[in-house]
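Chain naming follows the written order as A, B and C, and within any one chain the residues start at number 1.
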Amino acid sequence: MADVIGLWIQAILTIMITTLAWKDTPVSKTAEHIYVGVVTANSIVMAWGNIDSIGLSKIFAGDIIYILPVILGLMAYFRYSKENFWIYRYPIALVVGIGVGTAMRGLVGSSVIDQVKDSFWSLNVPGDIGASVNNLIMLVTLVSALIYFLFTIKVARGPIATRLSTFGRYAMMASFGYSFANTIATRINQYAGRISFLVLEWLQLG
Amino acid sequence: MGEQSGIGNTLANLPTWLYFSLIIILMAYITLNPLGFPIPVTSLTIDCYDAIDALQPGDIILMDQGYGAGTMAFHEPGFIVVFRHAIDKGAKVVIVSTSVESPMLLQRAIDKIKPAAKGYEYGVDWVHLGYVAGGEPAYASIVEDINNLFTEDWEQTPTSALPLMQELGVPTHEKIALVYIMTAGGDVVEGWIRQSALRYDLKFITQVNEMMVPTILPYYPINCDGILNGGVGAAEYEVYSGYSGEAVKLSDMMTMGGLVVLVFLILGNIGYFMTKGGSS
Amino acid sequence: MSQRTIRRQIPLALTFITGMIITFDWFIKWEPLQSVTKTILNFNVVMVAFMMGFAGVNLIMLHTRRIKRNMSQNKMLDVAISVMLLACLIGWSAVGIFMGRSSDTYQWLYSNFNLPLSSTAYAATLFYLASATYRVIRARSTETIILVVVSIITIMSNMPMFVTYIPALLIFKTWIANVLVKASYRAITIGVGLGGILMGVRTLLAMETGFLGAVEE
């Protein structure tokens, strides 16, 4: 019985929220508000799980130092106080420092050094003219796309650089066309799941 | 010229309800009457397959089941087919979630995989640790010392009671043979690449939605050993590995939905050029 | 110690210190440093988990204000919708926290409410995309002609129906991905990487302080 009720709830909510794409109506607004409420609640439940298992459990197991993040986490709620807003800055400063340090230490390697190292493509692949031509196109595309982003350097406004920059723009438009087509594929695949549910599980036509 | 611009105007201004309803009707029709066209397999998918196929019995895969309900339609088939392949190779699986919705979606995938029926015991051959907040610092913590971070699993069983977790030890990355990330966020993949593949040279494959693939391509194959291209990639993996699943059915619906969008893209441009020609 | 020191400079110093500890851990293999780093990374998880509650607090504050305003304007439908949101927020949270996130009840609520709403909300953007594709994507200039042509070829190559009869589509799509897309996005990745490093250094050196919030001095 619970399964049947659940199935109908799923179907009704699916149809209600689809109407959001059509027009803003009380039906779509209701579904939208329920969606915001339940999704936020799920975040809170998962967050509580982390606080309990990583914070409180460790404290009760004897790891007293974990009182610190619990206190700092509670201090974060001073963001809602006008007089004591500054207390919120302590936990946020730590979170930002940790996040920035963690990301930045790897960015140099993954986004710059490794990318540049891998860009030294051979322009004369023995016995494979196709690969050589492809590598040349890739090199020109990479350099021209980089030049396109160099707004502040004077040499980027010279005649050769301008032509390269234009080629870079065209290459990027081709990439964005590819990306756009893939975005369509993603959205279609997402909706296909819902259509599949409505037709096969709810209406049981198949 | 006037007649041309009249037709052009019509083509450029077709009503919204027309293509909305065509998309829904055609995709629904195809669900019931699949076309069954063969699915070509690309090198990105073959590389993912080879990464799993190279695993030895007892090797441990760290999976970030980081997809939500929004992308479940194609991430779930990708998760299922890779897990099945891992079971066949005898590889052990440790599942974490970096998306708040993922842990709630795992059970439906496990119900389809049925690891127990294949002799896979929870706690010994696979574990589910649940959601962890914090983003990239959490990934760093997981690959350094996973037992220091997770004191209990999703069902709140202490990790000290789970043999697979004890096997991971410190530093955890030395025991991980492969990292498999499923997510819709490019920043999640990049974060995992930095903290696992770049730092400890771990083998790394990922399934992202189609629109994130261009963002991840620069990392392939230097830091990333394979990319499953969303639903298309999951379907290719199912075909290549021989496991039947949901993704292959999705590809037919992709065909129909894509066809409607394609037709209207072309019609809109034809209408634009006809009206542009009429006005000039 | 002045107010400015306590309210601004100490937090900025904490950002710098934690950032430096985490960064040095990458390059220096030293057991005490690794131990401190591990603890700091775990602390981050707990602090971020606390901050995830902001969404709930913001919603409660926003919708209680809306309820008061709409009641005074006699907009009872909007009042009902806001009440429904708060009821879902508080109800779901209570079930998940007190009965357990892995309980059958919470799983039932998630599967029958969260799942269809979440998946359809994302999926319904297909209609916006289809509308934009039809009404906005026009081959007006060289750049947009390239975009439209490549889009059409890639959409067709994502469909097994077309690839079966025109195998060249897949070859063309693979070529675009491995040559043009990879090179273009590599340029973007390098640019983003350099920008990220710059922003990170500026943040750690207290040259970017937006995360501290409004300056009251």
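Operating definition for what follows: a contact is a pair of C-beta atoms (placed from the backbone, for glycine too) under 8 Å apart; a residue touches a chain by one contact, two chains touch by 3 or more.
All values derive from a computational prediction rather than experimental measurement.
Under the stated contact rule, the graph of chain-to-chain touches is complete, every pair of chains being in contact. This structure's chain pair with the greatest number of C-beta contacts is A-C. Chain centres here are Cα averages; for subunit A and subunit B they lie 14 Å apart. Note on chain placement: the centre of subunit A and the centre of subunit C lie 5 Å apart, centres being C-alpha means.
Separating the centre of subunit B from that of subunit C, both taken as means of CA atoms, is a distance of 17 Å.
Residue positions of subunit A touching 2 or more other chains: 21-22, 42-43, 46-47, 49-50, 54, 98-99, 102-103, 105-107, 110-111, 115, 175, 178-179, 182-185, 188, 190-191, 193-194. Counting partner chains per residue, subunit B shows two or more touched chains at residues 20, 23, 70-73, 101, 103-104, 130, 132-133, 135, 137, 140, 149, 156, 199, 210, 213-214, 218-219, 232, 254, 257-258, 261.
For subunit C, the set of residues touching two or more other chains reads 22, 26, 41-42, 44-45, 48-49, 52, 101, 110-111, 114-119, 121-123, 126-127, 129, 133, 137, 148, 151-152, 155, 158, 177-178, 181-182, 185-186, 189. Interface residues of subunit B facing subunit C in the complex, by the touch rule stated above, are 14, 16, 19-20, 23, 35, 37-40, 42-43, 68-73, 101, 103-105, 107-108, 130, 132-135, 137-138, 140-141, 144-145, 148-149, 154-156, 199, 210, 213-215, 217-220, 232, 251-252, 254-255, 257-262, 264-269, 272-273. Chain contact summary for the complex, subunit C toward subunit A: residues 6-8, 10-12, 14-23, 25-27, 39-57, 59, 61, 77, 81-82, 84-93, 96-97, 101, 106, 108-129, 133, 137, 142-144, 146-155, 158, 173, 175-194, 196-197, 200-201, 203-204, 211-214, 216.
Chain contact summary for the complex, subunit C toward subunit B: residues 22, 26, 34, 37-38, 41-42, 44-45, 48-49, 52, 100-102, 107, 110-111, 114-119, 121-123, 126-127, 129-131, 133-135, 137-139, 148, 151-152, 155-156, 158-161, 163-164, 167, 170, 174, 177-178, 181-182, 185-186, 189. Touching subunit C in their complex are the following residues of subunit A: 2, 5-7, 9-11, 13-14, 17-18, 20-22, 26, 29-51, 54-55, 65-66, 68-70, 72-74, 76-77, 79-80, 85-86, 88-108, 110-112, 115-116, 119, 134, 137-139, 141-142, 145-146, 148-149, 168-185, 187-188, 190-191, 193-194, 197. By the touch rule above, subunit A contacts subunit B in their complex via residues 21-22, 42-43, 46-47, 49-50, 53-54, 57-58, 61, 98-99, 102-103, 105-107, 109-111, 114-115, 117-118, 175, 178-179, 182-186, 188-196, 198-200, 205-206.
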